[in-house]
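Shared chain: subunit A. Partners: subunit B in the first complex, subunit C in the second.
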Partner chain A sequence: MDMEDDTVQVRENSAEDTEMLELPKDPAEVKASEFIKGESSKEIPVESQQPELPENVVLQSLEKEEFIIKLAVGQQSEIIKNAILDGRGENPVPLLNVSAPILAKAIEFWKRHIDAAEGEDLTEWDKAFLGDLSQEVLFELAAAANYMESKSLLDCTCKFIADIIKEMKVEEVRDYFGIECDFTEEEERKMREDNAWAFEQ
Partner chain B sequence: MSSSLMEQNMNVVGVNPRKRKASEEPHTNLTFSLDELNQDLLERVLSKLPASSFFRLRSVCRRWNSVANSATFQFACSQIPFRDPWFLMVDQYLDQSIVFDTTEGNWKNLSHPMFLQQSHGCKPIPVASSGGLICYHASSNDLAICNPITGVRRELPPIGEASESQTLHAIAMHSSQKDDDPTTYKVVMIFGEFSNLAFRVFDSKKNMWEEEVMLVQKGEKSTQSDGVGYESTVYFLSKTGDIVATNMQKSPFKQYSSVRLNENGDDVICFLTCSGTIMACNLAEKTFFEYPRLLPAYFEYSIDVVESKGEMLVVVLSEFLETASLRVWRFSNEERSWQQVAAMPPSMSHELYKKKVDINCVCHRDMIFICVCSDDFSSYVMCNLVTNQWMELPKCYMNGKAKEFMSAFCFEPRVEAVV
Partner chain C sequence: MEIRRKRKLDARCTIPNDIIFDVLLKLPVKSLLRFKSVCRRWFNEISSPYFANSHLNQGRRSRQLLVIPISERSPSAQTISFYRYSEAENVATLMLEKELPGDEIVHLLVTYCDGLVLTFSRTNIFLCNPSTGELLTLPKGNPSKPLCEWSSDLVGFGLDPSTKRYKVVRMFYRWFDFKTRDYSIGCEVFEVGSQSWRSTEDPPFPVNEQYPVVLNNVLHWISEMDLCSEQAILTFHLHGEKFGVIRPPPVNFGSISVMYLMTDGHKLFFVEGNWKLNLTCIWMLKDEASHTWVRMYSFRKEDSKPYIPLEIHGGEIFLSTTKRLDCYDTRTDKTRTLLAIPKEVDNGSPSSKAYMGLLNGASSFRFTLYAESLVPLKDI
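What follows is the complex of A and B.
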């Protein structure tokens, strides 16, 4: 209880002292500890009140290869964003399920999207970017986007894959994905009948 | 936080080359196929397919087929804000569900035999549509809601004697999907004499019809200002000295059609009256208002009302100066007058001159769909309001015969829309 009285007293004194020490205009900006230490004459920016956010983030791939990117770029993935913001400042952020070449592609996508001008339409760039990838890399990138919880990359890759298959015949889709048909002939025939309108033309 | 998420997703990515199965088919040289993907990713890809592609590709394998019934897949579908519209066509026979698919640019026959055969003698007519649902009306004011893609249908409870006995003017529907909640919808019926209009709302969440609400007229009565009225017919003296009557018999296929607008958050239902004027009923303010006529009655030949992004547009086919013109108008509240939004190329509209056609229109965002028909002529035109491009659709042939449609209802093909 005595201690509390002391601190109250210290604060009262500091209030009187403020005028003499030329503190920043808003006393709330100055930490209480600084008052007590008597360092209140320094101008302290608001940002330092929060845990420091690094300018760069280090990502670590499956093979433990490291990638350094700007914070803004990495924040397009919820996993990366949370790893930085939850205060533990996990650095490097381990992305054990993503291989280096795939992570590099994800980073390229995020960079282009962060650098985009206000209202710039990136659909053509996205299509060209994904169109350049092999089928295997495209699927791995989609899975990585899902794992890293990157909505923009995930929506983009899934839409791209959907657009590839939307006009394919059933047999072509099976070939494309290496899927074996597990319907009996009878079942398949019935499905085509039930959805006949979808098969027209 | 992040480490536990990583644990959950450990089985996701087949990046490790050691995942290749020994028994793998020779033609599959992927270390990784979508088939191995987690369910979430498969559902996301499938949710982005257009409806007919999805229904076709359900035959790929059992896993793909079962996706249709997955709640998470339906949620993924509901997150897609807009889908290309389909137009459900209405003809005099009412025995098939033929749609025009704007994604593939072709006609499809969606017939769901179970539904159509159940109709107790009187065939249900579509009267309203919203989102992925269509509202049908059978003889005694019984309504049913249907998802044309899945064929699932639900009959609404009867509205009750008191309302049934009154003159029904319009039926409108609005459906919406919010977050995790399944589709909800409201159906509005407007009835009564023009001195005493009222409405009732069916709320799917409550599964019941709400109490009747009276509407009060707003603004001066302007209908009879340029002619003498008798019941629903208005007579005019035309410039050439003829007496012209506007007795707009609304065809049974458009009898109750209306559009739902959003005026600063208020629900406003607009419909055409028999004398060709437009009535707007503000359900929130409980008032109704009659718009001034676009053109003097003897100029108008056929008129219809559509809704585009919450705003009302009027499509008018008129004949003068030895030709026909088809234009789209918007009412400007600031100027209290009609402003032209789009016009059909004169060479196209000239074909309609003296054909005595009726136009029936619907709109989905920026796309207007117009059915132009008379006893011996039918044509379907689409107009893109943004680019002012007009396009005539190919004719629809079923069993070798060209189908003749009177009107259309617009909906989005949505697997996830629940009745």
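What follows is the complex of A and C.
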């Protein structure tokens, strides 16, 4: 994991952002992208008088291990972003549901995405990054993305999992997630009949 | 892909339910229908209207094309085939092949809303969900005098936002007279899930045969020039089932060849085409209350063949003829061909990746932009 970048990389209007502006967005999404552009947002209420935001953020994992990251990197998580805005950025942001190795992975993801050149397609990198992980870590990373409210990481991990299971048979899906079947044989048979074409290859 | 054996009852290997929902949202309909059998929780989740709605909204963001090839070899074809075409992968997959009941010649005009396709033949209207394979034949409505030999039904459909039911809206002529520009036109609504059509108030004026544009749960049509002395846009609110009128942009109706309505999901656009000059102008309805229009784009296409604008999305306009689908980029003033009947490709157009095996036997085809849908047609 490389920690030597000194400058905060801020993403300017990329083509992707312009595209995003056309779609109806939920308020949280708009706020995040505007924040990343580096504008001093008028919408976010600033309670204290301090005009400056800290350059670094300290994150604290479940085991109380600390990670120091740049502001822009941490903003990809709503929880971290809100902690910064509340003026708590200097103190460690506690992420008690996230273990250190998982947090490290999340940070690696955020850093790569923040460092991306304008219009750079990271799909291949994302696939390689997630493909390297065991199923256990993948699930934990998805759970962590959900807890830390990081849309980019959550979308990416969920899409990856969806692609894994997309073509699977029903039994394989149960196996993958460790789900017990609670249908009777009769019910299952009827469902297969009703949607026969969905079961074809 | 290797499937790892899970350790039973190991909390660290289980995935929270919130995540399951997000994962399911990213699956295609075919997988979802299959995965209803995984367990009761997944069955309930996938079958819920909330899920269907979220899935549809997510699908809207990744445009796909629905292609319906029409073969001249069998003009009385009763089968309609739906192909899904993804531009990014340049691959067309057959989604569904459906036999249409009845033995009339299939007209195959298509209009689309929320993953449902409305198609009609000479005597029947069908509603189809290509993702789930359901097809519904609508009951017969009031008879309509056709304006001319090749008239088609004046039909549109959309969602009533408060009852969450899809409604098909149909206008019919009781009679008309071109000479005196006199007519009697009625309107009826069929709610999906009900048994019959229901009359509504008469429209204030007749509309032309292009499928209406649905925006914000309101249908929009353009007036029928041959019967109306002044042109306007007719609106029909799907909830209150009431008609309204919008003044059109300041267009010279005497000199234009065609006019169409178009939407990008947020705003209404009016397209005026002049084939003689090969000029197209696109207006946007800036403010509905004051009927203020703004001219957004005007361009000349490289080839001057007429076309129908399908949709506008992020500065790109999809233009289709029955033989080709092009995409015009307003920012670069360049047109690229997405799909074409094979012999059309030999006109020297630069992007011939549009050639696809499926179009080999077809004489023409219909397109519509598409998002998958779990919306059921039967029990709502």
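To be clear about the criterion, the second predicted complex is superposed on the first by the 147 of 201 C-alpha atoms of A that agree within 3 Å, B and C clash if a C-alpha of one lies under 4 Å from a C-alpha of the other, contacts with A are read in each partner's own complex, and residues count from 1 in each chain.
Criterion: contacts are C-beta pairs under 8 Å (C-beta built on N, C-alpha and C of every residue); 3 or more make two chains touch, one makes a residue touch a chain.
Small disclaimer: the values here were computed from a predicted structure and weren't measured.
Visitor: Following the superposition defined at the top, how do subunit B and subunit C come out on subunit A, clash or fit?
Guide: With subunit A as the common anchor, subunit B and subunit C collide in the superposed model.
Visitor: Which partner does A:Gln135 contact after superposing on A: first (subunit B), second (subunit C), both, neither?
Guide: both
Visitor: Go through the superposed model and pick first if A:Val98 touches only subunit B, second if only subunit C, both, or neither.
Guide: first
Visitor: On the A-aligned overlay, A:Ser152 touches which partner chain: subunit B = first, subunit C = second, or both, or neither?
Guide: In the superposition, A:Ser152 contacts neither subunit B nor subunit C.
Visitor: Of subunit B and subunit C, which one touches more of subunit A's residues?
Guide: Between subunit B and subunit C, the winner on subunit A residue contacts is B.
Visitor: After lining up the shared chain so the two structures overlap, which partner does A:Leu62 touch, if you call subunit B first and subunit C second: first, second, both or neither?
Guide: In the superposed model, A:Leu62 contacts subunit B only, not subunit C.
Visitor: With both complexes overlaid on chain A, does A:Arg174 touch subunit B (first), subunit C (second), both or neither?
Guide: Both partners, subunit B and subunit C.
Visitor: Once the two structures are fitted together, what part of subunit A is touched by subunit B and by subunit C alike?
Guide: Overlap of subunit B and subunit C footprints on subunit A: residues 135-136, 139-140, 142-143, 146, 154-155, 158-159, 161-162, 165-167, 170, 173-175, 177-183, 188, 191-192, 195, 197-199.
Visitor: Enumerate the contact residues on subunit B facing subunit A in the complex.
Guide: 1-2, 5-6, 9-10, 12-16, 25, 27-28, 30-35, 37-38, 40-41, 44-46, 48-62, 65, 104, 106, 108-111
Visitor: For subunit C, which residues are in contact with subunit A within the complex?
Guide: 1, 3-6, 8, 10, 12-16, 18-20, 22-28, 30-31, 33-40, 42-43, 61, 133, 264-266, 313-314
Visitor: Write out the stretch or stretches of subunit A touching subunit B in their complex.
Guide: Those residues of subunit A that touch subunit B are 62, 79, 82-83, 86, 90, 93-94, 96-99, 102, 135-136, 139-140, 142-144, 146-147, 149, 154-155, 158-159, 161-163, 165-168, 170, 173-175, 177-183, 188, 191-192, 195-201.
Visitor: Quick one: in the complex, what on subunit A touches subunit C?
Guide: Touch residues, subunit A against subunit C: 18-19, 22-24, 134-136, 139-140, 142-143, 146, 154-155, 158-159, 161-162, 164-167, 170, 172-183, 188, 191-192, 195, 197-199.
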